[in-house]
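Notes to accompany the following structure.
A, B and C are the chain letters, set down in written order, and residue numbers restart from 1 in every chain.
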Amino acid sequence: MADMSVAHTAGASKLGRFIIYGLLALVCLYYLMPLFVMLSTSLKSLDEIRAGNLLSLPGEFRTDAWVKAWDSACTGVQCGGLKGFFWNSVSFVVPAVVISTMIGAFNGYALTMYRFRGSDLVFGMLMIGCFIPFQVVLLPMAQTLGALGIANSTLGLVFVHVVYGAAFTTLFFRNYYVTIPDELVKAAKIDGAGFLRIFFSIILPLSVPIIVVSVIWQFTQVWNDFLFGVVFSSGDRQPITVALNNLVNTSTGVKEYNVDMAAAIIAALPTLLVYIVAGKYFVRGLTAGAVKG
Amino acid sequence: MGALSIRNVRKSYHGNEILKGINLEIDKGEFLILVGPSGCGKSTLLSMIAGLDSVTSGEIRIGDRVVNDLSPKDRDIAMVFQSYALYPNMTVRENISFGLQIRKVPAAEQARIVERVANTLQIGHLLDRKPSQLSGGQRQRVAMGRAISREPSLFLFDEPLSNLDAKLRVEMRTEIKLLHQRMGTSIVYVTHDQIEAMTLGDKIAVMKAGEVQQFGTPQEIYDNPANLFVAGFMGSPSMNFIPAKVEAVGGGYGVKLESGQRTHVFPVPGGDGKLKAWEGREVLFGIRPEQITHKSESRLGLPQFQTAEMPIRLTEPTGPDTMVLVPINGKDVVCRVHPAHAGQPGESMELMFDLSKSVFFDPASEQRIA
Amino acid sequence: MNATVLSSTTAPAARPVRRCRWCDTLDAWLPKLVVAPTFVCSLVFVYGYILWTAVLSLTPSRLLPNYEFAGLVQYEALFDNERWWQALSNLAVFGGGFIVICLAVGLLLAVLLDQKIRAEGFIRSIYLYPMALSFIVTGTAWKWILNPEFGIEKLVHDWGFTSFTFDWLIDPEWSIYTVIVAAVWQSSGFVMALFLAGLRGIDDSIIKAAQVDGASMPTIYRRIIIPSLRPVFFSSFMILAHIAVKSFDLVMALTNGGPGFSSDLPATFMYSFAFTRNQIGLGAASAMMMLMIVVAVVVPFMYSEMRRSRHG
C-alpha cells in the first residue's frame, strides 16, 4: 500500500522530507492545542487563568475544578455537578447501542442473504433515513413521546436513538455481509439449517469486527448527541451534553473557566477512551458510513 | 425409477428465460456431467436440483419423489461448492458434523461418521483445524467430507475443481472418480471444462443458452456430436471445421479440398446417403486433429483413408505429438502427427486422413448433416 | 483408504430434518418478519413524520398543534423573517467555507501523509481524534480559546503584539466564522482519512508507468492521482454538506446563535422557534425548508451514484 511512495524517495531531497515532517508536526500541534488548553485550564486556579495565557502551564496540580464539575457545579437551576447527567447518559446510551446493533445485524442479514421481492427497496427506504435532517421529525416525535407518556424519560431517548440509529447499523451490517459469500448460506441450507440457526451458528460468529464497528459508532453518536437530548428531555433527566452546555452557559456569579474545561473533558472522556482503545474500528465505521454517503 | 429425472424444466427471471425446457434422466449410481460455457444455465439447473432456486415450470424428481416444493434439507442431497463454502468459524470436525447435528444424530454416531469420513478422505490429521489453516486441496477434501458424511442419495458438485491449480485438479479429479466408484451414489457435476466432463462422466449433457444441445455418454458425444457447437466444445485441440464443396466421386460423394495449389476430392464412406442432397453446395467438413496423421503404409488402400501432400505453415510440439498446421480451403487445419514424422514449416508433408469418423454440418443451421 | 467406506446398511444420517410444512413456511417468512418492524418504523417515523411536519407547516399552530388549514402563511412568514434570511446566508457562508477548507486541508494532509511517513498511524490518529468528540465539547473548548479576554488575543498580546485584536466571537460580522474554525478543526481529519483511503486504493502500476514515461512527482499528482480521487471528492462533499445543513450543537455551544442572531443557522432557527418561542407552524416550515436543502444536495448525488453503479 505504501509502495507508491517508492517514487518519492527517489527524487525527494532531504530538505523536502524535512519540510514535510515539519508541516505534519505543526498540524499535529494545531489539532492537539485545544485538548492541551482544556486540560491545562482545568488544572489552573482562576487567578492563574487571569494572570497567564492559553499556553501557560498550571503552577501546581489542582483538582478542585474537576471535583466541582463532577459534584457541585451549577447547570441551570440545579447545582449538583455533572455526575447525575453522566449516569443519565450511560443509562440510555447502553441499551440504545445494544438494541440498535442487534437490529442492524438482523436486518443486514435478512436483507443480504435472503433477498426477497422488494428487499432492495426496503434497504433504499431505510437509507434515506440516514440522510434526512432530524429537525424534520422533531415536532411529531415530541407529540408522540408525549402521547405515549415516555417524554423526558430514559425509555423515550432509547426509543428515539434506536429508531433513527437502526438505519446506520443496518447499513454497516449489510455492507459487511455482502462480502460474505452466498455459498456459505447455501451450504448451511443444504445441511438443513434454518434462518435463525444459520444466523447464530455461522453468520454471527463471523460478524465480530462489524459488531465492534457498529457498537463504537453508535456509542459515539448517541453519547455525543445533543439535539434529541435537548428536545426530548429536561431537568435532571438530561444527557451529559445538554448538561455541559447548561453548565457553560449558566451565568450566575464568576465565570469559572477551569470548571467549564474540566466538565468538557468529563463529557468527552468516554468517547475519547473508546477512540484511544479502538480507534481502528472507529475509523472503519466512519469510512464505512461514507461509502454510501 | 431413475435417481434423478428432470422433465421439461424451465426457469425465468424477470421475463428472461434462462432455462428453456430441460429434459434429463439418470439411473441410480450414474455420474451426470452438466457442461457448457459460462451463462449456459448449468449452475442454475444445479441450484434448482438443490432447491436453492425455484422451478418456474416442469418437474424435478429425486428418486421417486417430486421435489419441486421441498426445501433443500428435505431433498436428501449434499452439495460441494466452487468456493468450498466451509464454515470459517468451525473446525473441520464441526464442519463435517454440522449437518448431522442439525439432524439430531446422536453424538457417538456423529463421532463415528466423522472418523469414517476422515479416513476415507485422509483428513484425519486436519480435524481440529480451522478452514483458514488448510491448503486449497485440503479444503476441497473437507468440502467433500461434509457432503459424504450425510450419505445422501444424490451428490451435487458445482465446479468443485476450478479453484485448484492444474496439477492438483488432475489429482482431485481422479480421487472424485475413485470415490464415486466406491460409494456408487449418483452425482450431478457441473463444469465448464470438457476434459473433466469426458474423464468423469457416465452421461454428459452439453448445454448452451439454456438448452441441452446433446445428452449422451462421453464417447457418443465425442464421436457423434449433434451439432457444430457440441463438436467444437468437446475435444482439445478442437475439431477442425473446413468449408468444403460436396462433389460426386466414384459412385459416391466426397468433399473437395484445396491446399497449396493442389486439389483433392476425398470420397466419404457412406456419404452417398445424406451428402447426396448437398451436391454442388458447401458444407462444413469436421475432422478431429487425431484423424489427420502422418502416412502409415499399413493403412494405405483402405477405403476410409486418403492421403494428400500439403504445405506446413507452423508446427507446435506438445511432447507426445506435434501439432502441424496446414492450410485447407483457406483455413488453418490442425493435424496430430508423431514427432518423428513431423516436417518443418515451409516444407510440405504427406498426411493421411481418416474419414470414417468425419462429420458434416449445415453451415447455416449448424446442425449435423452426416 | 479402506474399501468398506460409507456403505453402511443403516443410513442414520439420511434421516429427514423435522418435516413439518408449517416450520418451512415460517422459515420462509422469517426474513421478512425480521425486517418488518424496522420497515414499519421507517415508514412511520421517517416518512410519516415528514408528512406530519409538512402538515404542521400548513397550519397556524403556535404553542400546540392546531390542524386548521392555513395555506402557506407560515412559509410567507418565514421568508418575511429577517432572522431566517440571516440563518440562510450564514448557512451559505458557513457551508461554503467549511466545505472548501475541509477539502483543501484534508487533501493536503492526506498527500503529505502518503509520503511514506514514519509514525503515520500515530499522526493519523491525532488528526482524527476530534471526530470522536461531541460538537458541544468542541464548541466549549473553542469558545474558551477564542474568548477575546483570555484567549488567543491575550496570548498574542503576551507575545508582545499588543495592538492585535481578535474578537470574532463577539463581533456580529464575524461570529459565523468562528463556527467555521471550530467545525474545520473537528471534521478535517475525517476528510483526510477518506482521501488517504482513496490514495491507497490507486493502482501502483499506473504511477510506475507514469514515472517510466518520465513524469515528475508533482505532475503525477496533478494529472493522475488527484483526478482519480474524483469519487472521494464527491462523497466527502456530500458528507460535509450534510454536516453543514444539520449543524446545530456546535453553534449552540460556541455562540448560541449570537451575538444577537448573527450566527444563527437554519437548525438553530428551527429549534428556537419550534421549542422555545412556541411557533410550531413556523418551526415546521423551517424544518421542511431544511429537508428541501438536503434533498437538493443529496438527490443529484444519489442519481449519479446509481448511474455509475448501473454502468458498472
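Here is the rule we use: contacts are C-beta pairs under 8 Å (C-beta built on N, C-alpha and C of every residue); 3 or more make two chains touch, one makes a residue touch a chain.
Every value quoted in this text rests on a predicted model; they were computed, and no experiment measured them.
Between A-B and A-C, more C-beta contact pairs join the chains of A-C.
Comparing the CA-atom centres of all chains against that of chain C, the greatest distance is found for B. Per-chain CA centroids place chain A at a distance of 57 Å from chain B. For the pair chain A and chain C, the distance between C-alpha centroids works out to 13 Å.
For chain C, residues touching at least two other chains, in rising order: 17, 27. The set of chain B residues touching two or more other chains comprises 71, 73, 99, 102-103, 150.
Residues of chain A found to touch two or more other chains are 192. Taken together, the chain A residues at the contact with chain C in this complex read 1-9, 11-12, 17, 20-21, 23-24, 27-28, 30-35, 37-38, 41, 49-50, 53-55, 103, 106-107, 109-111, 114, 116, 119, 122, 125-126, 128-129, 131-143, 163-164, 166-167, 170, 192, 194-196, 220, 223-227, 230-231, 241, 244-245, 248-249, 257, 260-261, 263-265, 267-268, 271-272, 274-275, 279, 282-283, 286-287, 290-291, 293.
Per the touch definition, chain C reaches chain A in the complex via residues 17, 23, 27, 30-32, 34-35, 37-39, 41-43, 45-50, 52-53, 56, 65, 109, 112-117, 123, 125-145, 147, 150-152, 154-155, 157-158, 185, 189-190, 193-194, 197, 199-200, 202, 204, 207-208, 211, 216-217, 220, 235-236, 238-239, 242, 245-246, 248-249, 252-253, 256, 266-267, 270-271, 274-275, 280, 283-284, 286-288, 290-291, 294, 298, 301-302, 305. Here chain B touches chain A in the complex through residues 47, 50-52, 71-73, 77-79, 81-83, 85-90, 98-99, 102-103, 146, 150, going by the rule given at the top. Partner chain B is touched in their complex by these residues of chain A: 181, 183-184, 186-193, 197, 201-202, 205-206.
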